[in-house]
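One chain, subunit A, links the two complexes that follow: it is found with subunit B in the first and with subunit C in the second.
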Partner chain A sequence: MNASVKPPQSPAETSLVESFEALRVSGVAAVQEEAFARFLNKGLPSRRIEAWHYTDLRTQLKRAPLPARVEAAAEAADGAALVFLDGALVGEPQAPQGVSIERATAGRRLAAPVIDEDDASIALARAFSRETITIRVEANAHCALRFVFQNSETAATSAAHVIVSVEAGASLTLIESLDSAAGAGHLAQALIEFDVGEQSKVNYIRINSLDAAASAVSTLGVDLAARAQFDTLSLTTGAALSRHQIFVRFAGEHAKASICGATLVRGRQHADTTIIINHAAAHGESREVYKTIVDDEATGVFQGRINVAPGAQKTDARMASNAMLLAEGASMYNKPELEIFADDVQCAHGATCGELDDDLLFYIMARGLPRREAEAMLLEAFVAPAFDGVEDEDMRETLMERVRGWLAQRK
Partner chain B sequence: MLKIDNLHARVDDKEIIKGLSLSVKAGEVAAIMGPNGSGKSTLSYVVAGRAGYEVTDGSISLDGESLLDMEANERAAKGLFLAFQYPLEIPGVTTMTFLKAAMNAQRKQRGEAEMSTPDFIKTVRTAADKLGIKQDFLRRPLNVGFSGGEKKRMEVLQMMLLQPRLAILDETDSGLDIDALRIVAEGVNALRSPDRGFLVITHYQRLLDYIKPDSVHVLSSGRIVKSGGPELAHELERNGYRDYVADAA
Partner chain C sequence: MPAVQETVDRVKSVDVDAYKYGFVTDIESEKAPKGLNEDIVRYISDRKSEPAWMTQWRLDAYQRWLTMTEPKWARVDYPPIDFQDLYYYSAPKSMSGPQSLDEVDPEILKTYDKLGIPLREREALLGIPSSRVAVDAVFDSVSVATTFKAELAKSGVIFCPISEALQSHPDLVRQYLGTVVPVTDNFYATLNSAVFSDGSFVYIPPGVRCPMELSTYFRINERNTGQFERTLIIADKGSYVSYLEGCTAPMRDENQLHAAVVELIALDDAEIKYSTVQNWYPGDSDGKGGIYNFVTKRGDCRGARSKISWTQVETGSAITWKYPSCILRGDDSRGEFYSIAISNGKQQVDSGTKMLHLGKNTSSRIISKGISAGRSNNTYRGQVFAHRKAQNARNFTNCDSLLIGQQCGAHTIPYIESRNASAVFEHEATTSKISEDQLFYCMQRGLSGEEATALIVNGFVRDVLQQLPMEFAVEAQKLIAVSLEGSVG
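And then the complex of A and B:
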């Protein structure tokens, strides 16, 4: 078969064309047009593309709604929060001391991008991003920011593009939340790129509690300079269909990253986390701890790849993904991979997929806990290690509280 | 208070309890002895309500109420306690958290108010002291990395806190050193009361020197083949089970 022969447009692709046309009415930049052309050339990623094998957007994404109309929402952002409504930054956020926030038309790029520009989902996100928000944390500044991604009552296709540049010696704590109105079938896209300077430190927590009717496709790119440290954790309970892809490049020596997450899905939710760690410099240390709980007929996907380049000696990379299936109909695709081209490295990965232990459940029930509570006790303990790296105790408790809330809603 | 009548139970399609009858009265300590594999632990699981242990005939009741349709937690809330022969490890759940969850779950099911945290901590500390359990064990995940004897003490601690109506102790003495055996027995004796019953499963007369039983039963091939007073335990210690095993065969 000729590779250039494209399959006919899927209903989602057709609706994306309509949606982009609606966007054109209010004006799009040349880079958006160019990105959309690249997207159209490839079409939505399907299972034929290895990186998307378990999440076939082409068929699983049913329909992309029209974009939201651009009405500058008057709602003021509180404190150091950047509020995005349907992908668009609301108002003029107040930058805390040592931080500058710049809005520019779409199309900015990192000097050395780490994300895979061949990925059609990234081209799509660029096409729908009206502007690029650039946040710069000055050298040696210490600050905290919040990203609040809200989606309105009416379903919309949206995208946000943010570049965060953390200069040498600075530190940033960023908490991101994603929410949407009940029942609205949004397609919420995000492209967030971090340029983490020498000896700087980033702590980034992301909580996806989108409504179960929404779809979310997001990409995180992280470029680490020497001795930089990047810790991130994402808790995903939301969205009918979600794909969160993370690209991390160890560009400078002695950098560290910890990429952790907990994904809890039920009903017919489908949640995909795909991580690509590129160790391009020596003495890097990477850790991934992912916990996935899949109930009902939901599907969890974890793909994690660690690449160690020839020069990246003394790399210490460890990846663990553990899943717990709570129902017959639940599925998990757990795929860790290592590709090592350096000889003096320590790399390990492990993936497990299990069920609750009946013997343990009986023991706990025999002490008086009803089945669901006994299960919740074990599941909480299963998820908790993903949050071990969260230093702020209140934040850890907030995250655990959300996990408990999810568990308490089990039928 | 506990009444088991003509009980037949199977696990994985294999009948293990074969027409067992036994009763324990309020205030009574009944001992069960029997060869390895005779069905003692299976009996304790069936009484406690473990899934997969199917009762095919007979009855089990506590205070006149049938236990058979109750989940394990409901039986616990009614006052049944099982000290496991092999206590399980629960990674990620500290002993303190576990104890609190168990106490409150039972109270809730009985319609009682939760215990306040300070009261709870005080109660746990006092009981742990009595059993020679160091406080730092309470902060560790339940039973994880505990020695065999430490796990057994933890079972007794749980029993002391939960104050059951009827406690089944499945070989709680095995794995205990001489001092621990005495401490654990004292713990049990302290709980003895006219309205509480005990079913003590053991292989050794020694435990029964500390916890003086009112009755002794021999379990062989899934049935009680002989019942008697404390002297029966002494006789078994001297002669072994050969008379009873032969009977059952």
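And then the complex of A and C:
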């Protein structure tokens, strides 16, 4: 079927071909080859592809570095943390009680995939994933895990593929952090898939504080069984170019999902969040709250689509994206979509975009605060609602502290 | 809770099977040969005795069109259109050369009577003076009559078929034609530029408030004919005009193509209010027949403090592909878009607007209400854009959808693009049932459940109906069969 593989269309694609060549040297699985051929046929997503209208990887991604060499890292990871160095899982992590962690060669898939396999960026992530980590949380177990994605001083193209399967009645709290060494132009990819069983509960917090030289393209897929609940929050301050795409399917009735996030970008950063919620079963409830602050000449993108299939009656879906532009050169692109095929549902989306209110600023400054502090106070209040759903107070404070830290660095 | 019976009945009353304007006028017509080529373009130009530059303009457009492909991004699905299997020009045989209303074929007059469009001024005068409307009636490819021309001329207003304007005011036409919708704009606009046959031309001189509503009534009658009309409205500095557009077509088994271009230009302090009641034949309940409506409508707020407002009630057409837009070029200019789109049967609507904020302190407002029933699909697609230099741009968008039945779809696809920090954009969209709280509130005050629902449904579309001029509001009301609370306007 791939008789005619298209030649690379951009410098980034050329360097990806070289990068994949380097990967081949240490051996790649057939599924990786197949995924890379699929990727090459489509090429990097460009603005001609509707889902990538505002993030043109073909032109915006300058170059993909070579993959990191595989080394037997001996770093000991603490109990419940899975440390990924340049995309590869380090050591043999210890699984907490009720959890099993399995490493397998690449290619494993969710029984019913929810992500869009036609998307070239997903094919690319599959091509660069050497192995698939499968985490299974046993029925009725309650546990916490951490993912630590680190990227070394040498820029590398990497990808990690993780499947998390949470069985009926279990609960999982997962905290993920993404960091990279200063100045290293990594291309960090991740593909994380959740299979959330009946009446189980997942709380997933993701903090992207990659260095401003790195690029990140990540995909999250979530399949929700009946009465399952999935809450996720992502705080993005890092990466020159980041794209976080989230696919959620309501496969069982009475499932709930809350997908929230705050994106704070400055300089010439470009941050894209794309969410597709598929309500395939009745009585589903979904909530999205996204707050974006764009400073300097940065760009924020929020695309969110709520699909309601025929028969998914009594769906209650709400989506809000609010953006604050702080500087003349800042841009924000909002594209909230609704696609409804059932007549007894409640769906709504709201999108706003604007600057700080002068009257509010004046009010605070009149009480003696300098301008920057007054602005920081208002911006903190603007972001806070995105964290409302975080039950753990310490966690909420940690997140707010990061927001304050970002605000304090404003020039 | 799905929509209640009364709403369902009312929507059903405008269902595709209940199309009232589907009769055919039996009249001899003169047609250009089927198909499209340079000769046809020359033929149309020749029939209208157009100046040489106009013929060349059309030919250039035709050449350009040959290189273009049909847009496929809209959420509509239809078999490929054979552009060579259409008549691009059809005129009633009796219509040779200019004439007075008395010479118009009585059959045509009867047609317009039947449609409820008064073409005789004295009849129209019987009405309340303030509600007089000047009408330009377009029948297939030609304008058959334009009323109140003399009276309008007294205030300096030019209102005539565009083919006539090309003879009497060629410089004005040449100065403005194609400046809002360029020849190369899109597939259908380019096709229209090559083969447009007639349409209205309006020029309001500086400082003049047009003394009456202007309107055009489009009627497709002939089989296998495409209608390609072109409307050009220029409101010079400080002027005001309200313009109405209506359209119907006979019920036929085959699909017919309608690809119009409307260009509005508002100079400093001018205001144009453009209202449409689109009631083209929607096809039968199985989706057979009906008009394919591919229309490019765009207004250019060229001057400072100018204002353009689009109001549309869309009930017809098998396919609607239409995005009346505003280019807010002048500082402090304002654009508005109010729309009710009702789809039924197997209709497909993909409609919305674009508000392009280029000047400083520009503002825009979008209110869109979609009601889908039957097996139809109703899409709102809109763009709000603030240019880097559009200081203090403001937009408010509200799009609501109501679904009646299990087999229809409602979609909202907005593109909100801000490249200026001082621009403030607000967008909200909902798809919902009628809330129990609202029902309870009304019923507590003594209304029955049905009455309460009717009241709430009226409220659902009222924002838009209020924007329509009196004459149209009445027609729109009939179309939607939603009674308003006593008054309109």
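To be clear about the criterion, the second predicted complex is superposed on the first by the 403 of 411 C-alpha atoms of A that agree within 3 Å, B and C clash if a C-alpha of one lies under 4 Å from a C-alpha of the other, contacts with A are read in each partner's own complex, and residues count from 1 in each chain.
Simple rule for what comes next: a residue touches a chain if its C-beta (ideal position, glycine included) is under 8 Å from a C-beta of that chain, and two chains touch if they have at least 3 such contacts.
These figures come from a predicted structure and were not determined experimentally.
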Inset, instruction - Based on the superposed arrangement around subunit A, label subunit B with subunit C as either clash or fit. - result: fit
Inset, instruction - Pick one for A:P370: touches subunit B only (first), subunit C only (second), both, or neither. - result: first
Inset, instruction - State whether A:A327 touches subunit B only (first), subunit C only (second), both chains, or neither. - result: second
Inset, instruction - Report for A:P8: first if it touches subunit B alone, second if subunit C alone, otherwise both or neither. - result: neither
Inset, instruction - Go through the superposed model and pick first if A:A381 touches only subunit B, second if only subunit C, both, or neither. - result: first
Inset, instruction - Based on the superposed arrangement, let me know which partner A:D359 touches: subunit B (first), subunit C (second), both, or neither? - result: first
Inset, instruction - Considering only touches as defined above, state whether A:F341 meets subunit B (first), subunit C (second), both or neither. - result: second
Legend entry - If touched residues of subunit A are counted for subunit B and for subunit C, the larger one: C
Legend entry - Closest approach of subunit C to subunit B (Cα atoms, Å): 14
Inset, instruction - Touching subunit B in one complex and subunit C in the other: list those residues of subunit A. - result: none
Legend entry - Sites on subunit A touched by subunit C in the complex: 50, 53, 310-311, 323, 325-355
Legend entry - Touch list for subunit C against partner subunit A, complex: 1-3, 73, 388, 401, 403-433
Inset, instruction - Would you pull the subunit B residues touching subunit A in the complex into a rising list? - result: 45, 48-52, 71-73, 75-77, 81-82, 84, 87-88, 90-93, 98, 101-103, 105-106, 109, 141, 158, 162
Legend entry - Complex contacts: residues of subunit A adjacent to subunit B: 358-360, 362-371, 373-374, 377-378, 380-382, 384-385
